[in-house]
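Both complexes shown next keep subunit A, but they swap its partner, so subunit B is in the first and subunit C is in the second.
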Partner chain A sequence: MTVTAPYRSALPAGRDGITRTLRAEWTKFRTVRGWMITTVAAALVTMLLGLLFAVGSRTSCSVGPVEVACPAVPLGPGGEAVQDRFFFANQTLTGDGSITARVTSMTGVITYPPPDHDKLVSGLVPWAKAGIMIKASAAPGSSYAAVTLTGRHGVRMQDDFTHDTAGRPGGVTAAAPRWLRLTRSGGTLTGYESPDGTRWTEIGTARPAALPATVRAGLFVTSPSDMTVKANTMGGSIVQARFTQASAVFDRVEVRGRASGAWRGDDVGDDGGKTDWERYHRPSGLLQAGGTLTVTGSGDIAPSRDGVRVESTLTGVVLGLILVIVVAVMFVTAEYRRGLIRTTLLAEPRRGRVLAAKAAVAGAVAFVTGLTAGAVAVPLSVAVLRAGGNHVLPVSPLTEVRVVAGVAALFAATAVLAVALGALYRRSVAAVTTGIVLLVVPYVIATASVLPDAASEWLTRLSPAAGFAILQSIPEYAHVTGHYTPSDGYYPLAPWAGMAVLCLYAALALGLAVTRLRRRDA
Partner chain B sequence: MRRELHAEWTKLRTVAAPGWLLLAVVALTAAASAGVAATVTCPPAGCAYDVPKLGLVGVQLGQAVVAILAVLVIGGEYGTGMIRTTLTAMPRRAAVLAAKAAVLTGATLAAGTAAVLASMLAGRLILPGNGFVPAPGQALLSLGDGPTLRAAAGSVLYLALVALLGLGVATAVRESAVAIGVVLGLLYLFPIVIGMFADEGWRHLLYAIGPSTAGLTVQVTTGLRELPIGPWTGLGVLAAWAAGALLCGGLMLRARDA
Partner chain C sequence: MEAIIEVDGLRKRFGRTTALDGMTFTVTPGRVTGFVGPNGAGKSTTMRVILGLDMADEGTALVGGRPYASLRNPLGHVGALLDAAALQPSRKARDHLLWLAHSQGLTARRVDEVIELVGLRSVARRKAGGFSLGMRQRLGIAAALIGDPPILMLDEPSNGLDPEGIVWIRGLLRSLAAEGRAVLVSSHLMSELQDTAGHLVVVGRGRVVADTSVADLIETASGGRVTLRTTARPEAMTALARAGATVAATGSDTLTVSGLPAERVVTLLAEDAVPFSEVAAHRATLEEAYMDLTRDAVDFRAAGQEAAR
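Here is the complex of A and B:
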């Protein structure tokens, strides 16, 4: 009887680990020429659409027929673009001190509001402001803190454009005047209000960024435009703004500390333009009669939203995402179509690991693609836009980095979602369509159609399109009148929260795909 | 041609996917329209919504499903290799494509009619509860109203033309995933790209040549004068896109190997 030893391969055993699976998947991806080309195309279209938009946008300003440089937009202490226009009756104040005033009346006019746009209506817009202020100088954009009565939001304390604290609600009448007080102690300003000038309530404190030793302290009045929004039949909306003006009567005004004593009037941020109302009926200014000061003004003290937002150079991202979806889906479905999946699962029987490796490779490739596209498109397009005379709303470098990284994150999360969909459906058409319907369609419908605002907001809250919030560079301010909808670039969720919604969808889909892959026959 | 039609009808009828997709067209269109109708409110002071367009907003979602169906009608055959059998049995390739187009159009028209009627019914039931008041002398979203009827009938035709566009693109591209990407890209990207341009001339041009923007003008009943293109002309633009895609696909089908 002969005994034959079983055959043993002389080859060393193959090493086993996630890196092997990753390498195998990366090789599969890398060696299909069409996928690499499409991936590069995804980056290119993102950049090119941004550049196309930048090159096609030009802004010029003219006085009569003569073209002139556009006036510089003031920047607030935080570097953000601001509107800083109001009438300021002020004294200089050196060192610590305080200003106290009683407001006995606040009235205003709104020119030609709807429905017929044919009347001058007396009334106040919700964020008309009349109050007391301590400001670094009369230059627009300089640091300040103010305690102010508003048209419909009661007493507020605001500082440096972006901060707003609510005080007691309600308006003012001659029978129920409102007392306001602002005290300076070093770099800290404290706001108070009182119904009678004896019982004072603290509203809050503020530490404006840059207050010199000598500041302006005084009374101010301003009134932002009255705004209505009309849906545009071609998608988006048309915002209509109308001139308004407010007047307030102050008495018992008292400036304590080393003050100059005499009142001077500054039309802060005045650009020389005057409406017919200001020319023929009531100019902005200060009227003094005994101890009573009447201040009239128009404008706003708030972060500005007029200008091109940084992320508007990223419209091409949607097109890039469609390409990412197609490639990532085919990365999985092509294996089913060609039967390669059986080989893949023989080589690596841990099916969850196979799908995880696929998601990781597709996600990483998409991340790098998105990062490249964003890092080129954003700075380049912004530079081209600025060269074309456009006012691009300035953002902090950190925000710009977040927007660029946001493109990468959007691409990566979308690729993972698409890989999962491909594994769930095994058919390219159904998977690609589901990907597009989940991500691109809600975005398009919410931002570029005539969908009502409420529906748009729910779409960008609940659907994976919430992830686009990560590209929003200008935050929404509750104390600034504006049309805050996804079509204006304002998402209902915070940037990272929106991104988290998209990631949640991707994670859920991937989890589901792993369970299905484990249970089903390949 | 009868033979080809019969063959294509048998294929469409006996595979599970097209039936489900046609049902999905109806369900998704109606559900999206109803969902939007439920979120809108009209304050007592009045609102400026274009009610027929609002009631038919689900078509914007339903068109995606129509596109899948259209792409699968030929892309599925390339995926499985069935196309070789088809072309062996019916060597007249143009007739095969025409038969596919005819069967697809018929199926889409049927599903589209159901989807549009369901959307209108949903709007009619939901919108009055949200403050929408019908104009005196007529019911809300009534087919008896000329522009509303045009919007409804036009939406059905719109869906059929989207199907033909999808069929043409898929015939030209052959790979289903790429075809669906191209079709959905064409349908959904124009509105986004329009939003990029501040210049009125560019906006009008893009609106007038975009297959979905121009095509959906057929749903607009108010403010038509502000639009660069009329409702039927707009649908004509989409028809031109579909015809162009079918022509391209047809020529490539004749010229190429299967």
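Here is the complex of A and C:
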């Protein structure tokens, strides 16, 4: 036997580290044209479906046969669309001061409620409001703070539409009146309540965004629609709303500070439309008899739910996600199908690292895809919608960024989940099917109003479809009556909490996949 | 790193089938070691265990003194070709090598070097899915060489190669070994290894049945037998048996003599004046030697298959 000197390679050794595994996986990904094309398609389908929806949507308003510009929707101080309709008996108040009033009665009427829808019923809806308010002006959407008695939620202090603080519960009777007080000191307003006008309890303070030196201080009453939800035999639910009105009797009203002294009535936010009830029975307004003021009103002071939501431009996301699932699954299963996984594991025997790199690459590609799709689809489609006369509920730039980033996060987390499923099943069809069943199917059935509301909510709380909450642009407000279900665009979990659920699934699946990859022969 | 593969006492079962049953051998640098045995003898499983792809129930397999899985620059230590069909069909040949290079922190320049080395330059930018088996083998060899490793393990590399390709790969393997690399080449056909391998590890039924040089193996298989052609068979048998040889009639005028060297046979026959037309020291072919060694394993398998039916 000849003895030869052992071989020494002249090739410089590459540096160890996860980056080279990542680079190798990225090289793998980009060199399969089908995967790149599908990835681009995922972005395109996401953009185009939203754009198609935007182009196809037109809203026009008319008075009789004449088309007119649609009335502007009032915006609150925070920029959100609001409903600001109530009757306001007020005086001007300059500088610091306070308003105090005793409420001795709060009554209301609900028109034609179930079961038979044939009667006018006296009663108050839960968020009917009667109380005192300091508001920048009588213009809808202007800044305010109020201390108010409600139909069923006791005394509350609210300001600038979105803020609500609970006071004491209970209603009002002549025998047990409720005293309310609101004081202004610079930019700070403090709300109090009392059972007797002597012992006062602070409810809270508010700093409304924009209060001028001279404000309106006074009494207000409003009453939102009565809403009932009934399960539809075809699945989902039917929401019905009907006109309601509230009246409250105030006395011992005292405005301190530099006030105008005389009461004036403002039908804030009145659009001229009147119901038969208001026309023939009882209009909104102020009745003054000595020191007793009776105020009647209808409407709501709350963030508006009516309009097109920013995320409705993202209907294509579901289709985009299906393509993301397909590509991310194939990224793994194609290697199993051809036995290429062995070559991969020869190049990097640390199996956890291999799968982590695959997940990272698929996730990063999906993130960029989603970010591009969202960053184009959302602003463009919203602009097209607005150009078509549609009322798109405005959101803050930060929320819009979150929605766009949400598309990216949704794509990325889904890709990671799909990589894990691919590694667990090692077969494309089973992995893609599972991915769709876990993510897309729960989303579709929860939002298509085929399930009872409670089931839809649990589905979007527990399944990976919870992640879609990241796209919700209009938050749910506990102090605003509404039908808050996934089919209306309201998810039970907060945006990032929902996203966290999806991420948890992805992390869990990836962990499981790593464990299995380590244990099994390749 | 030392260019050496040490396999010691590997055992592995797949369910009720024993795939490896105490597999033990060492592959040393500077020569091509043929790893030969019938299909199902455990060659591929052994290779996968050495490469950390499969886990053995017992025993150790080390490359350069370390388990493969602990290597931080694995393709710079060991190059392997297990399955030439393990390619993403829609990926170009060059890109297949490129991701492998990137996985080791190497650049595209090394990719072009190995493409040149295996003679795939003209098709490097074509999709691997369109490659013939022979081209895939070349691509697989290029992949094995990407890290310029001192150890090479090739599973059935001649499969699907045309005669020109076979000549090429033999030359390549010999030159790689001559550079001081340890080269382990498996095959189920001894003839493929006959001209290439300097050393043989013959396996059957999950264990080594012979670990020897090619020359020794033929020597053993030949067993010092002499073939004698004579018209006087009985006389020849008597004369040789008297001298202590074992004689067997293998034809109407041929005898096979064991236990005596050819010169002694000639002397004895001449002394007794027995006529003969030819005395030849029998030299077994490598194929015969291999068949001898592995007959048991093959028989066993056939019997097993029948029993299973």
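Please note the rule applied: the second predicted complex is superposed on the first by the 500 of 522 C-alpha atoms of A that agree within 3 Å, B and C clash if a C-alpha of one lies under 4 Å from a C-alpha of the other, contacts with A are read in each partner's own complex, and residues count from 1 in each chain.
One rule holds for everything that comes next: a residue touches a chain if its C-beta (ideal position, glycine included) is under 8 Å from a C-beta of that chain, and two chains touch if they have at least 3 such contacts.
As the structure is a computational prediction, the values presented were derived from the model and not from experiment.
Novice: In the superposed arrangement, which partner chain does A:Y7 touch: subunit B (first), subunit C (second), both, or neither?
Specialist: second
Novice: Answer with first, second, both or neither: which of subunit B and subunit C does A:S260 touch in the superposed model?
Specialist: Neither partner.
Novice: When the two structures are overlaid on chain A, which partner does A:L451 contact: first (subunit B), second (subunit C), both, or neither?
Specialist: A:L451 contacts subunit B only, not subunit C.
Novice: In the overlay, answer first, second, both or neither for which of subunit B and subunit C A:G339 touches.
Specialist: second
Novice: Regarding the shared-chain residue A:A24, is it in contact with subunit B (first), subunit C (second), both, or neither?
Specialist: In the superposed model, A:A24 contacts subunit C only, not subunit B.
Novice: First (subunit B), second (subunit C), both or neither: which does A:S57 touch?
Specialist: A:S57 sits against subunit B, while subunit C stays out of touch.
Novice: Under the stated touch criterion, which partner chain does A:V329 make contact with: subunit B (first), subunit C (second), both, or neither?
Specialist: first
Novice: What does subunit C use to touch subunit A in their complex?
Specialist: Those residues of subunit C that touch subunit A are 2-3, 29-31, 48, 51-55, 68-76, 78, 80, 82-83, 85-92, 95-96, 98-100, 102-106, 110, 143, 147-150, 177-181, 198, 213.
Novice: If you look only at subunit A, which of its residues touch subunit B in the complex?
Specialist: Checking each residue of subunit A against subunit B gives 49, 52-53, 56-57, 230-231, 233-236, 312, 315, 318-319, 322-323, 325-326, 329-330, 333, 337, 427-433, 436-437, 440-441, 443-445, 447-452, 454-455, 458, 487.
Novice: Going by the contact rule set out above, which residues of subunit A touch subunit C in the complex?
Specialist: The touching residues are 1-11, 13-17, 20-21, 23-25, 27-28, 31-34, 334-335, 338-340, 342-350, 521-522.
Novice: Could you pull out which subunit B residues touch subunit A in their complex?
Specialist: On the subunit B side, the touching residues are 35-36, 39-41, 48-50, 53-54, 57, 60-61, 64-65, 67-68, 71-72, 75-76, 79, 175-181, 184-185, 188-189, 191-199, 202-203, 207, 213, 220, 222-224, 226-227.
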